[in-house]
Each structure stands twice: as structure tokens, then as C-alpha cells.
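You will see two complexes here that share chain A, one where it goes with chain B and one where it goes with chain C.
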Partner chain A sequence: MIRSILPVLTVVAAIMVLWYGAAVWMNSAWTVQQAARAGQTVTSMDILRDTLAQDRPKLPAPHQVAAEFWDTTVAKKITSKRSLVYHGWITLSATLLGFAMGATLGVLLAVGIVHNKAMDMSVMPWAIASQTIPILAIAPMIIVVLNSVGISGLLPKALISTYLSFFPVVVGMVKGLRSPEAIQLDLMRTYNASGSQTLWKLRWPAAAPYLFTSMKVAVATALVGAIVGELPTGAVAGLGARLLTGSYYGQTIQIWSALFMAAALAAVLVMLVGVGERLVMSRMGERP
Partner chain B sequence: MIWTGAALGFWALAWWVNSRIANGPYAATRAARWAVPVIFGLTIFVVWEGLVRGLDVPGVILPPPSSIAARFATALPVLWADFRQTFVKGALSGYAIGVTAACVTAIAVDRYDFLRRGLLPVGSFIAALPVIGIAPILVMWFGFDWQSKAAVVVVMVFFPVLVNLVQGLASADRIHRDLMITYAASYWQTLWKLRLPAAAPFLFNGLKIATTLALIGAIVAEFFGSPIVGMGFRISTSVGQLALDMVWAEIVVAALAGSAFYGVVALAERAVTFWHPSQRRQR
Partner chain C sequence: MLSQEEIDGFMAPGLPETVIEAKDLQLVFQTGDGPVQALKDVSLQIGKGDFVSFIGPSGCGKTTFLRAIAGLEEPTGGQLRVNGMTPDDARRARAYGYVFQAAGLYPWRSIARNVSLPLEIMGYSRAEQQQRVKKVLQLVDLEGFARKYPWQLSGGMQQRASIARALAFDADILLMDEPFGALDEIVRDHLNEQLLQLWARTGKTIGFVTHSIPEAVYLSTRIVVMSPRPGRITDVIENPLPRERPLGIRDTPDFLAVAHRVREGLRMGHAYD
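After this line comes the complex of A and B, so read on.
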């Protein structure tokens, strides 16, 4: 752990240097053009100063993004329409609702698949094949259709998240519920254990590591689903809406700070699942 | 009413047939393993068609499969143009660039331990982020045409392939590496003859994940601006016109392209890693 801090910091520093360099390079055209229009000559010092402080740069410098991020998260009131916390919460609530529904449905279907052979043979190939399909493409349609039925707001976005987080959980849980070895299943049989007893006392605990691994994937895709779900209807709130309005009006700094908010949310969500995993696994007696 | 009844009846019949096959004596045969999911898929389509007709669901909410198929057949030239724009130009070129860049980076990361310890945590962190959010920025940089879509795809496929290949390059057994040392093999010989083949299963795992990501990236990037052709463009504008049969036809194209792309990579995997236990024919 300690050994990798220095290299990680080096890489992050290198990214920062590259970023500043790219910002100067990409924004300089605009500066030079403005100066030519005003009939001024610019020195390279001027270019450097101007490229790092433009209003709508092609690539905002890191400190601009950091300032905007600070301004819209901490300095603004949470209820403000310009607060990233507000937009982040809207996206996060759809993500969490969708993830909870998707994970629950996924676990239920996995239990059904493991216990019913007909279901296994019919559904499983489709569940696996569906992973190769760009499901996200149907997001706009779901939003619009549900809107026309009269359902709007949180639920349509959550449904997209549900759909996206559903399949990883099904595939992972089926694998997990099947992970007990034949010898252990045989032992349950010698105990004359019923199907539900085998499920609760053997299969379910054995599937826990698989559940958490697939939930990490699922929560990340659920967030992507919620963000993409905010794109098509011209939603006014949420991180996806921030991205879209930013791209309409050329507010690059706004896009980048929304992007960092999304990244922070994803990192926190995956980390929370990881913490849950560690707690559950240590309660179950796993020693690191 | 008749349609609804027929749909539900077909469902019950298919359920019964499937459970008979699955619990019968021929369940393990190859034919049964194909027949059961095919019957299941067919049932979904029949029930969909029957319920939409029976319950008079308006076409702007859910068109029946038959009208989607009809639209697919009549709009074939449009779909083909969209497919070329999004898949061939955007997704495929981005995929090729991204995978190549990831492979080169992975070999460099593997060569220098410092890079591995620095770049890998950052890489696996980025791989878990909603990378798709970078689409509006790249559309702004590279314009509305396919170049920006390819750029999004490059960014999306880069990290999964990188992380998997680095893991794979580290997977060659100690004893095999020692053998290469006793042969006085150079670094590049070891890499080419031992470690890249050993890494192939990991690499293909990353490549397969990347196929879906490439298509998703190319489609979603078009929601942020595109020329008047492309699958993402068609989906978002047809949704606006409530031409849902066109949207569904486009989704059919996306599904076909996605599974075909995945299938090609899976076939290549079988050809390259035929020696791996997971590829041996199951008995």
C-alpha cells in the first residue's frame, strides 16, 4: 500500500502537467484570434495567463474546474438550482432506487433459475446474450413512453437503472448459488434438508462473495443508466441534464465539474458496496 | 379478446413443453439445449404480439413485433446507412485504436514496475467511472461527425483492456519464466513466446467487455450531437416523433450488431486460445 503511493502520486502529477499543457495548447488559438481581432500583439506570457482563465475554454484548466466544483457544491445552498449537490442527489436517488429494484429482482430470478430447470434452460441463454446488446440505446424510448403514459420524474430513470443492474446480478448470483460443491450438497441431502433449508444454510452464504462482486458492477452501471436517462427528455435537473445543457451552451467548466461529481458518486457507491462486502464477509468468518 | 386468450394459451402451452423437455430424459442433449431457449424467445414474441393486439395498446407506447419487422424491412436503406455511420465508422475504428493503444500501454506498464504501481490503481479507478460522461466534451473537440464518436469509444475501451492485459501478462507461472531464463531467452522472446500467449485469455476477456462498451459509447455519443445519420441520432429523433417502430427497428440493428461483434471476438478467442481449459469441448 505504502509502496504504491509514490507511483500513484507521480502518475496523477503527470496527468496534471499534461492537462495544463493541453489546456494552454488547445485554448491558445482562441486567445491569439481575439488578440488579432483587437489588433494587439500578445507575448507568450499573455497567452499563458489568458488560456488558463477563459470563460468558455475548450479545455478548462484543473484549477478552474476545482473552483467551479467548490463553488457549486460547498458555496451554494443545497436547494439552489445551480448546486451540484442538488443535481447529484437527483441522479443518485434514481440510481439507488433502480439499483435496489434491479438487485432484488436479479436475486429472485437467480433463485428461480437455480431451483427450476425449465427456467434455467429458457432464461439463462437470453440473460447471457443480453449482455452483448447495447441496452442503453433503449433508454430514451423508455423515458418518452413512460412519460406519455403519465409516469414521469424519478421512476423512468430508475427503471433504466433497474434494467441495467438486473443482468449482472442474475448472472453473478446464478454462478454463486451454484458454487457449493457436490460434496456439500450431498451432505445437505444426508441431513434430509429441504430445498429452502439448502438455500438458506448453504447456497445463500456461498453466493455472498459473488453477490457483492456483481453488485459492484451493477451499481456502476446503474449510475450510468440514470445519467443517460436524463439526456433525452431535456430533463432540467440531474447530472445528465447538467452535461447536456453544458454541451448546448458551451459551458465546458460546468460539464467537467458535473463529470467529476459523477465520478465521485461512482467511486463512493462502489466503495460503499466494498465496505458492505467486508463487513458481511468478516461476520461470516472470513479472515483476510 | 381472442388475441389475449390466444397469447395466454400459447404461453401456458410453451411453459408446459419447456418444462417437459427440461425435466425429461433428453434434457442434456444438444437439441434440447437449443430448443428450450428458442421456444422461450418465441413465446415472448407471441405473447407480446397477442397482448398488444388484444389489449389495443397504441403504437406510440408499444408497437407489436410484426409492425417492427415491417418497418425494419421497409427502412432497410436508412438502417444500413445508420449502421455504417455508427458501427463501422464510429465504433469499429474507435475499438481498433483503443485496443491497440491499450495493448502498447499494457506492455510498457508491465515492463516498468513503477508504472504498474502508479498507473494500474488509476486505471482501474477510471474503468469504474461513468466514462460515458466524457462524450459531450469529445463531441465539442472533434466535431459532430464520426471522429468524436470514435474518440469516445477509444476512451471507453482503453481501460478495461489495459487492466485485463496487465493482469494477464502477470499470470505466467514462475516455473515457466524460470524455464525461459534457463533458455537464455531475451525479454522480447519471453514476452512473445510465453507471456503474451499466457495473457491471451485475459486479453480476450477484456476485448469481449469492450465490444459492448464500444457500441454503447458510439450510440450514446450521438445523443450529444451528430450529423443527420447514425443509430443514436435516429433513436433520439424517432423518439421525438413518436415513431416507436423505427426506434425498435434501430434497437434490433443494435442488438444484431452487438451480438455479431461479440460473436466474432468469441470465435477469435476460440481460435487463439484453443489450448485453454475453458475452450475445450465439454463432454
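After this line comes the complex of A and C, so read on.
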């Protein structure tokens, strides 16, 4: 633990240096332009001070983002429309619902693919094709179509999450359910075990590590799906809405703090799946 | 299906009941390089309580023959009966326990739960499962390891657990495919000795694939010598050694004479190519 702190801090420091440098460089044009209009001359010190404190910088400085993040998470009531926690929760609820549906769908499809020759031949090409369509293109369609039949709010966003998150689970679980060795399957045959006994007593437990790995990918893409689902609807709440309004009004600081919120959410979700994995695998007698 | 008379006809009077019966058995694998004759004209009778070893170089079809008996491979010709049934029916009737080359324990199950796996599948009651697991773990000297996971056991202990798993249900036949092939000589000697004791205690009919001459001679009542391309039986040797066999018997002239015959048989098989 201690030994890894130094390299981590080094990387963070390097990012900070790059970020501050880029902020000064990218925002300086605006500073110089403003000064020229006012007929003032600027020194390098002025440029440095101004570029790191603009209201709508091209690239906000880290401390500006941090201040905004603090202000909209800790300092605001979570019921406030300006609270990132509030917006984060809206997105998170769609993410979790979509992920649950996506993971379930993925597992069911994988079970079907492994047990049914016709599904084996037919489902996978469609699943792969579904992922080659840009989600940005299909998301508005889903929202519009569902809206026209009276479904709006959480479910359409969750469905977009489902659309993205079932795929890694299908791929991982097909591999996992097929991971038992030939002699383990032969053994089941010598017991004259039924298909469902082989599934529950052999294929399913053998697939557990694959399930968790694919769920880590799936939960992160589910979050992306929920955010994308909030973009085309003119949604008023959620991290996607935050990004959209931020871009309408040039509120780059707001955009960046929403991005950090999304990243933090993704990190926590992936970590939670990891904790679940450790708990399950240790109950399954995995070598520590 | 054969009529009862036909089945009876195969059996010579006075011999013990025939459990496994092969007659002109053929098995051809269709591979990418064309058909491969894995078994050709294999005829053999195995009586109840026999300990029969199959020995031969790789590719001689000994494992294929064992798998055919187990209903895991489909013969392409000839007749094969296990307990008077087709191998597939015998498999459905759970007539045999099978021990593979590798222990193949499920890593997510404790040793006790690995051994109870066939019992769960066959629908034994929970109480009966526990009682049987306890009994067979004692039989293979693993009482203290019921709650351990496979990775906590040595290779020899894992293989013993897999034998316990094959003994847990009431199959009269035990089919073993090079069960000790991956183990070192010392462990193998020990397990051979234990296997003989187990056989004496349970009276099971055992089919045992090996490529070790001393192992075959030490264990079996009969030794079936096979040779490759095509896989066939070249010699069947009745083992004159007494059933009581201390490890030291392997240095006696009788033992060496049988081993010599097996070696001659193997060499003869090779003279064909």
C-alpha cells in the first residue's frame, strides 16, 4: 500500500502540471483579446492570474473544478436542482435499473446460446451488430418511440443502459458457461445428469469469475448509456442534463464537475462489483 | 437387444457372472485426416469381481475401449454389453463409477461436497449423503479433509478424493483411466496398495487403464495387452499371483515372470509396424 503511494502521487502531480499548463495556454487568447479591447497591456503575471480564474474558460483549472464540485455536492442540499448529488442519483437510478436488466438479459441469452444450437448460430451475430450501431444514433429513437407510447422518465434511459450493458455479459458468460473442462462434463455424463443439473452444478459456478469480470465492464457502460439517454430528451435532471445545459451556456466548469461526478460514480460502481466478486469467490473456496 | 439365451450363450458354464462383454467391437473416429480405426475386432469378457488392466502404448485404444464401456464413445460395429444392457442404458442406470486421468474435482466445492456431487444428482437424501460421504472418505483415508478445498490437497490426495467420489454411489463397476499416471512413483505405490485393499473390501469389478507394466501386474487378475494402428487386443494374460499382494511381491520371481510376459506381449504388438 505505502509503496504504491509514491508512484500514484507522481502521476497525479504530472497530470496537474499538464492541466494547469494547458489551462494557461488555452485560456490566454481570451485574456489577451479582452485586454486589447480595453486598450490595456498585460504582463505574464496578469495572464497567469486571469487564465486560472475566468468564468467561462475553454479549459477550467483544476482548483476551479474542485471548488464547483465541492459547492454542488457538499455545500448544496441534495434536494436542490443545482446539487450534483441530486443529478447523480437520477442518473444512477437509471444506470442500476438498466444494468440489472442488461445483466439478466445477458445471462439468459448466454444460457440459451450454450444450450441451443439455433440460438448459438443466430443470436451472437445480432448481438455484435447491435453494438456496432452508434448509441448516440439509436438513443433518440428509443426515447421518441417509447415516449409516443406513453413511456417516459426512468425506463427509456434504463433501456439504453440495458442495450449497452447486456453485451459484455453475453460474451463473458458464453465463455464462462463453456469453460468447464471435457472431463468435468464427461463426469456429469457418467452420472446421467440432466441439462439443468449440469448447468447449476457445473456450468454456472464455473462461470462465476467470468460473470463478475463482464459485470464490471457492463456496469460502467450502463452508466454511459444512462448519461447518453439524458442528452437527446432535453432532460432537466441527471448528469446528462447537467452536461447539456453546461454546453448550452458555455459553463465549462459545470461540465467538468459533472464529468468528474460521472467518473466517480463509475469508479464506485466497478468497485462495488469487485467487492461482490471477492465475497462470492471467497465463499466458493477460492485460493486467497 | 440380445435375447437372454444369447447372453447366456456367451457365458461359459462355471465361470463367474459376466459383467462386461465385448464381441468384435469396432470403433472408427471420423477425423479431419479421414477415418481412424481406434478399435478393431475387440472381444473380451470381464467377470464379476475381476480386476482387469488394459495396457499398451498410446494410441492402442485402451482409453477409447474404457470410454466405450462407459457409454462416452459410440462403437461403430460389433456388440458391447454392460450388465446385459447397452453401455448407454448402463450409463443411465448408473452402473459404474468412472475415475479420470485428472482428479477433476470442482474447485468451488469442498472435498465432502465434491464426493456428494453424484449423490446430489442421483437424488439421495441429505442424511444419506452425509453418511455415505463419511464412509467413502474413510475408505480412502481422507476423513480429516472433508471441509478442505481441492487446492489445499496434494495431487495424490485429490485423486483419492476422486476415487471416493466414484465409490459414493452403489455402482458395482469401477472404470479407471490412468488414475495414477500423473503421480510420482512413491505416491503411486501407496495408492496401488490402497486400491487393492479397497477392491478386496468392496468386491467391485474394476477396469483399469495404465501404461505401467508393474502397476498392471501388481493390481490385476487379468492383463489385457493392446497394440495400436488399429487398436486391438494382442494378448490376455491370466495373472497367477495370489489375491493377497504385499508390495514386496514385486521382487518375487513369479511377479517378474508375469511382467516379462506382458513385456513380450507389448513387443509382439509392435512387431506389426
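In this text, the second predicted complex is superposed on the first by the 274 of 288 C-alpha atoms of A that agree within 3 Å, B and C clash if a C-alpha of one lies under 4 Å from a C-alpha of the other, contacts with A are read in each partner's own complex, and residues count from 1 in each chain.
The rule is simple: contacts are C-beta pairs under 8 Å (C-beta built on N, C-alpha and C of every residue); 3 or more make two chains touch, one makes a residue touch a chain.
Since we're looking at a predicted model, the values are computed, not measured.
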Put chain B and chain C onto chain A via the superposition and say whether they clash or fit. fit
Quick check on the superposed pair: does A:Gln131 touch chain B, chain C, both, or neither? Answer first, second, both or neither. first
Return the chain, chain B or chain C, that is in touch with more residues of chain A. B
Would you check which partner chain A:Tyr191 touches, where first means chain B only, second means chain C only, and both and neither mean what they say? second
A:Val11 in the overlay: touching chain B, chain C, both, or neither? Say first, second, both or neither. first
Angle at the Cα centre of chain A, taken between the Cα centres of chain B and chain C once the superposition is applied, in steps of 10 degrees: 70
First (chain B), second (chain C), both or neither touched by A:Lys117: first
For A:Ile227, decide between first (touching chain B), second (touching chain C), both and neither. first
Check the residue A:Lys77 against both partner chains and state whether it touches chain B (first), chain C (second), both, or neither. neither
So if I take every C-alpha atom in chain B and every one in chain C after superposing, what is the smallest distance between them in Å? 6
Chain A residues where the chain B and chain C footprints coincide none
Taking the complex as given, what residues does chain A use to touch chain B? 3-4, 6-12, 15, 26, 58-59, 117-118, 120-126, 129, 131-134, 136-138, 140-141, 144-145, 148-149, 216, 220, 223-224, 227-228, 231-232, 239, 243-244, 246-247, 250, 252, 255-256, 258-259, 262-263, 266-267, 270
Touching residues of chain A toward chain C in the complex: what are they? 181, 183-184, 186-193, 197, 201-202, 205-206, 208, 284-287
Can you list the residues on chain C that touch chain A in the complex? 70-72, 91-92, 94, 96-98, 100-102, 104, 106-110, 117-118, 120-122, 149, 151
Taking the complex as given, what residues does chain B use to touch chain A? 15, 18-19, 21-23, 27, 32-33, 36-37, 39-41, 60-62, 114-119, 121-122, 125, 128-130, 132-137, 139-141, 211-212, 215-216, 219-220, 223-225, 231-232, 235-236, 239-240, 242, 244, 247-248, 250-251, 254-255, 258-259, 261-263
